[in-house]
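Following are the structures in question.
Common to both upcoming complexes is chain A, partnered first by chain B, then by chain C.
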Partner chain A sequence: MNRPLYIAKRLLLGVPVLLFGLTLTFLILYLGPIDPVLAILGKDATPTAARNLEISLGIRYPNGSLVPLWVQYKNFLVNMVTFDFGTSWAIARDQPVAAMIVGRLPATIWLGFWSVLVALFVGIPVGLYAGLNSNSWSDYAASFGGIVWRAMPNFWLAVMLSGLLTAGGVLDGYGDFLIKTDVVGTSNALQHLFSGIDPFAGVPVLEFFWIPVPNLGPMAEAFKWILPAALVLGSSSMGNEVRIGRTAVLESLRSEYVDTAKAKGVSPRRIIVKHIGRNAVIPLLPVIMGEFYLLIGGSVLVEKVFSINGIGNLFIRAAFNSDIPVMMSLVFIFILMQILFNLLQDVLYTYIDPRITLSDTTE
Partner chain B sequence: MQSTTPTADDDPRGESILSIRNLQTVFRTDHEHIRAVDGISLSISPGETLGIVGESGSGKSVTARSIMGLVDAPGEVLPESSIVFDGTELTELSADQYQEVRGSGVGMIFQDPLKSLNPVYTVGNQIREALRINRGITGQEATDVAIDLLEDVAIPDPERRLDEYPNEFSGGMRQRAVIAMMLACDPDVLICDEPTTALDVTIQAQIVELLQDIQAERDLAILFITHDMGVIAEISDRVNVMYAGEFVEKAPVEELFANPKHPYTQGLLDAIPGTSVDDERLNTIEGDVPTPNQPATDCRFAPRCPKAFEDCTEVHPTHVSVSDTHDHSTACLLYPEGKSRTERVEHHRSQAPADTQGGAQE
Partner chain C sequence: MAANTTHADDTRDTTRRSTDGLWTRIRTNPQPALRWGVVAAVLVVLELGALTGGILTLVDALVMGVTGLIDVIVGLVSPALAGRVVDVQLALSTFIEGVRSTAQSLPTLLSRDVIPNQGYNDPSTVRSFLGLSYNAWTGPFLGLSPAAAWAIRMALTLAYSLFTFYWLYRGWLTFRTHYRRAGWTPRDDMVNRLRNHSWGKFGIVVLVLFLTMSLFGTTLAPSTVQQNITASYGNEVQYVSDDTGAVETIPVGEANFNSKSKGNPAQNVGVMTYDDYGRFHPFGTLPNGRDLFTYMMGGAETTLMVTGIAIGMAGFIAALLALVSSYYGGTVDLSVLTLADGIVSIPQLLLLIMVSVVFQDHWLKSVFNGGLLLALVFGLTTWPVLWRSLRGPALQVAEEEWVDAAKSFGQQPTVTMRKHMLPYVLGYLLIYASMTVGGIVIAMASLSFLGNGLGITPPTPAWGRAISQGQPYVSSASWHIALIPGLIIVVLVTGANALGDGIRDAIDPESEGGSEEEAAATGGGA
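Entry: the complex of A and B
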């Protein structure tokens, strides 16, 4: 079966999943004990004000009768599918939800990006190293470290780390170390980073032996600011990667194709890079792909603890303030991402492992 | 004249390409040393096939891996061992030098053809890799040579097959592809570790035939390891019967099947289904191969041997020639024939210390 057809088919199959997810969300939010009018106006609102608000929120017709649930459901579905996210009810009254999300996206993506990268570039090499040196002391240290990283829950680790780095913790100097950054809070490092696209403009160019080099200052500043939060967010994936990377290498190392490659006279280095490497990536792929959910969805807790003004923080504020349009829009985006990432993972599999083909079982 | 040195038949023509003296491979665990290969000697000449036959656990595969230098910790080839390939003492080579010998010098085919090809690379890629490393052939030329090699091993439509992955090949095709890959290395000695065991019988015959053709074409020396007496009869020129890390009998193939001397060899031949049609039950050798974790001071087959007597548990038998016309020797207290039991036991007893001290007397 060819690839475009498969992808089209999978996307089509994603539609019912999307509908199911949206319906479930709609039911939970609309049938639950959330009263947006109460949330916005407070307990002392006059009946007239409440009525007017209900009309403006679209849950009551101007003639006074309530909008039936199924009409609300239909409107909601049409709005979502046409990417019309509407305006916020409570957090920032009448502000477009889309703009609110886009405004907070950079912080979340920056956090997710580094949490994935840190986990990838630490977790996988450590795992591979442990597998190649199995049952040595360095392997025991790496494996134990992997378990510990995996076991520490985000909410605990985030609180501990932010405590250590600020407010008189042991590592209180972190904020002033090398480059001055905030540790908790939304740093304006990010604005520096995204406002100055030209690396030679904006901030003073460093001269290194009279040769101008791109000023990596904003980049370093933004990286240093996000590092603690990224470490926490990536911790469990990092632990997973150590464990699974180690197992994958060990399994590949003992396989007969490695013996055969040796019997062909292939050098040990090439055996590791070519013959073991690619086989070890196969079981790591779902772990790595799982991490990419962090880019959007996984950061609620970490963003809250480190006071980063990103999507996760927006979501939690929307939930506490009964801001249904914001919540709905975010859930819609999460579901969409999930479907696309799953599809991407399945397609990637076929590139990494030729034994997996895109034939579907329904044929 | 009857020679009684343990290595009498190992290099009959003095032209061997691979010759092994007193190979000892031990696996060290916390509580014991398992002597998986315990002082074996053999030699192979170009164009010749030496079969090694024995039950599972007798040390056949460890022998193969020892020759290839692929014994991993906790295994170790003891320093008294000698493996001479084409005039080079392999046991003294560094890891890098050994890597040079593997492939272009000694190649090896493993038991399971599905597992011995890397699943994530095309068959062509893996053959070209062997060509590049061992013969420096790259690019379009490598592709052409690879196509020729696949043709040599009778894979139809080789040009298309080159771009396919191992999982797209059938079992027999895979083993052919593995053979083509090893031929790409252009080795002088090919070790085949049960290459037909995972295949069904008709395919087995094809592979054996293919190996014979290739051998005739390239004057290849083949060390063929199997537990299948039928395959051994088909392919070997000479056969060494292995038991618990030692060779118990060495003979040319017809001689071995016609006049098996060692009770173990006799037991193996009796156990072939179909040799005695009238029997209702298949013949077996009771018991299992023991784990050789002590230096041999007795006959390791004695506990299972129908002809054992009390001295068998006390004296370690050495190889004695049992034929005037053939290169046929066996390690058993029942021989040399024609002497009294006391004489025979005394003969083996007098040989024993030399054997345990290394065995390389020449």
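Entry: the complex of A and C
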């Protein structure tokens, strides 16, 4: 099977999954015991106001009769799929949900990006190192550290770290170290990352290719600001990467091609980089991609503790205020991202390991 | 195998040919059974009250789980009828609660009554022991200090429960060497491998300790949940007043109010310290003055109930669907796959938050302080993860020749699945279930951490809520509030993962850690 066909098939298989996820969301939020009128207007709403609200929410027709459930379901599906997310009920009344999400997306993407990267930069080298020095004390320390690090609840780690880094904590100096940043709260640096002073000044080649160059000052500031949260969010993946990287190295060390390379007199450094390293990365790929799944759930808690104004925090606020349109839209986006990332993982697999065929990977 | 069964061989040879039951086999060679039974009987008699109480707690959880499931199914058809089911459920639960309080009056050696730890220190009271006279406390065991009395009771209880667990294992070993009809089964090898797996044994010890904490928490803690937390104004403690020097009585709630841990050294009751009322706090107090150790024991009970019901339910659904989908394959398999993918596509934590918010004022939330709702949601969202892990082994066994043979002579599909496929799948279920437990514990704690009606309803103790209460005090004198509950969660989750590793190495020594189950252990990123 060629690649475009494979991708098309995988996308097609994603449709029932998306439909099912959306239906479940609809069932919970629409058939569940939440009363939207009560959620928006509170207990002492006049009947006329309630009636008008129901009409504007699409629960009741203007002539007074109730909209049948299947029509609501159909409208819901059509709205979601056409990215028409409606307006917020409670957090910011009548604000378009799409704008609320787009405004908060950069913080979450920034957090997710660095949590993946920090975990990779720490987890993989430690794992490879432990595998290359197997059964030494440093290996035991790394493996055990990885196991315990993985078992730590993200929200607890976030609480501890934010407590240590802020006033009175052992690492209180962090906020003023090199560049002044807030540890808990939102950084303005993120907004200036790609705006502000002419971003393309002085880099003619990049300007030619229209690659946006981030401003280095805000970039460093934004990095330092997100680092503690990213460390927490990446913790479980980091632990997994240590563990699986170690196993993978041990397995490739035992393989015959490493023996052959040694016999041919290939330098140890080259063996590690070319032969062991590359093969050890293959089993790590699902871990790295699987991290995305953890990021969504984790970002809710980590953003809450570190007061980062991202979409995870938005979801919590929407949930606490019964703001159904916001919750629904976010869940839809998450399901969509999940399906796309699964697809991306399978396609990436075929590039990294040519031995894997495109035919039968429906799992 | 021959080496370690020498002296039992002749007895077994005679029994193996006969069709006698276990009882006859024990009568032929009563000595080993007797030796085991005497010690077991002593163990039971020592703790009759507590054991009955513990078993009743489990029965209570089981009744709650089963009736809860019926609730949900009936609730889909008619909410009014479901309300009736809740009444039955609550009546049953109250009945069990009544039996449990009667059980508590049965003689128990390691109980709060036999080794009390609460009391006051009147300087005028002097006792002598072996010729040494000392200033004794009034109330605690032997007039010792509350700390010492508590430590003795806790150490004895832990030792008792670890030994009892070991003795149960010894019982199985006795059965295996002396009374089992088969000389050897594959399961023997698995147990032997697990016995030599120190990482797996660490997991077992952690789980036994956790079970002790949740079932015998009342004995372990310096106070009880009822006295210290839920009904603190209905109970009183005696103390020696600093002002008057006389013994005075104060409601526990008021004593708690003056024992708060609020961060500044002047207002803090830290780890292993006494408060002003002669009460010992091994883990210090919470910001509202309640005893953190007692709170943790109460939280362990809630955690055990929710996790137990959830993992039981998820495991049952996953095993059933794995058998059915691998036996029939084709469309059945594909539809289960779509269902599982659809459930997994919604991030578990978001789904949990969503359901908790929607059901906030629902009657389900009132059952079991919100624990039942949590358990149901965990059960219904965790099975796809387990099913995915079981599907591989189930497909493998479905292709075996013996399954084919069973099909070809017309055996019922259910019988084939139960007899020829289930035993193989069950081992894998154990691995993945124990790895998933950690995720459920973490996710449950994170919901209680978020609060606002999510998670367990206050004032019932929940581990996550303790962390949330301690959040402002992480780097102050009251650091213990957030630190200790987190560490306990870390140890429990590590232990559950270790047990999973141990079982995997025991069942399938060739395998190395995969990636899917690793992700399951993190509770959807919580």
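As a working rule, the second predicted complex is superposed on the first by the 331 of 363 C-alpha atoms of A that agree within 3 Å, B and C clash if a C-alpha of one lies under 4 Å from a C-alpha of the other, contacts with A are read in each partner's own complex, and residues count from 1 in each chain.
Here is the rule we use: a contact is a pair of C-beta atoms (placed from the backbone, for glycine too) under 8 Å apart; a residue touches a chain by one contact, two chains touch by 3 or more.
Please read these numbers as outputs of a predicted model, since none were measured by experiment.
Room for both chain B and chain C is found when the two structures are superposed via chain A, with no clash between them.
By the touch criterion stated above, A:Val287 is placed in contact with chain C alone, chain B being left untouched.
Here chain B and chain C are compared by how many residues of chain A each touches, and C touches more.
In the superposition on chain A, A:Phe155 makes contact with chain C only, not with chain B. Judged by the touch definition given at the top, the superposed model places A:Ile7 against neither chain B nor chain C. When the two structures are aligned on the shared chain, A:Ile316 is found in touch with chain C, with no touch to chain B. In the overlay built on the shared chain, the residue A:Ala39 is in contact with neither chain B nor chain C.
By the touch criterion stated above, A:Leu53 is placed in contact with neither chain B nor chain C. For the three-chain arrangement built by superposition, the Cα-centre angle with chain A at its corner and chain B and chain C at its ends equals 80°, in steps of 10.
In the superposition on chain A, contact of A:Val266 is made with chain B only, not with chain C. Here's the short version: in the overlay, chain B gets within 17 Å of chain C at its closest Cα pair.
Counting contacts by the rule stated earlier, no residue of chain A appears in both its interface with chain B and its interface with chain C. Chain C makes touch with chain A in their complex at residues 337-339, 341-343, 345-351, 353-355, 357-359, 361-362, 388, 438, 442, 445-446, 449-450, 452, 464, 467, 470-471, 473-476, 482-483, 485-486, 489-490, 493-494, 497-498, 512-513, 515-516, 518-519, 521-526. Contact residues of chain A toward chain B in the complex are 255-257, 259-268, 274-275, 278-279, 282, 352-355. Across the complex, chain C is touched by residues 16-21, 23-25, 28-29, 32-34, 147-148, 150-157, 159-160, 162-164, 166-170, 172, 233, 236, 240, 243-244, 247, 251, 283, 286-287, 290, 293-301, 304-305, 315-316, 319-320, 322, 327, 330-331, 334-335, 338-339, 362-363 of chain A.
Residue ranges of chain B in contact with chain A, taken from their complex: 68, 70, 95, 99-104, 107-108, 110-112, 115-122, 129-130, 133-134, 165, 167, 178, 181-182, 185.
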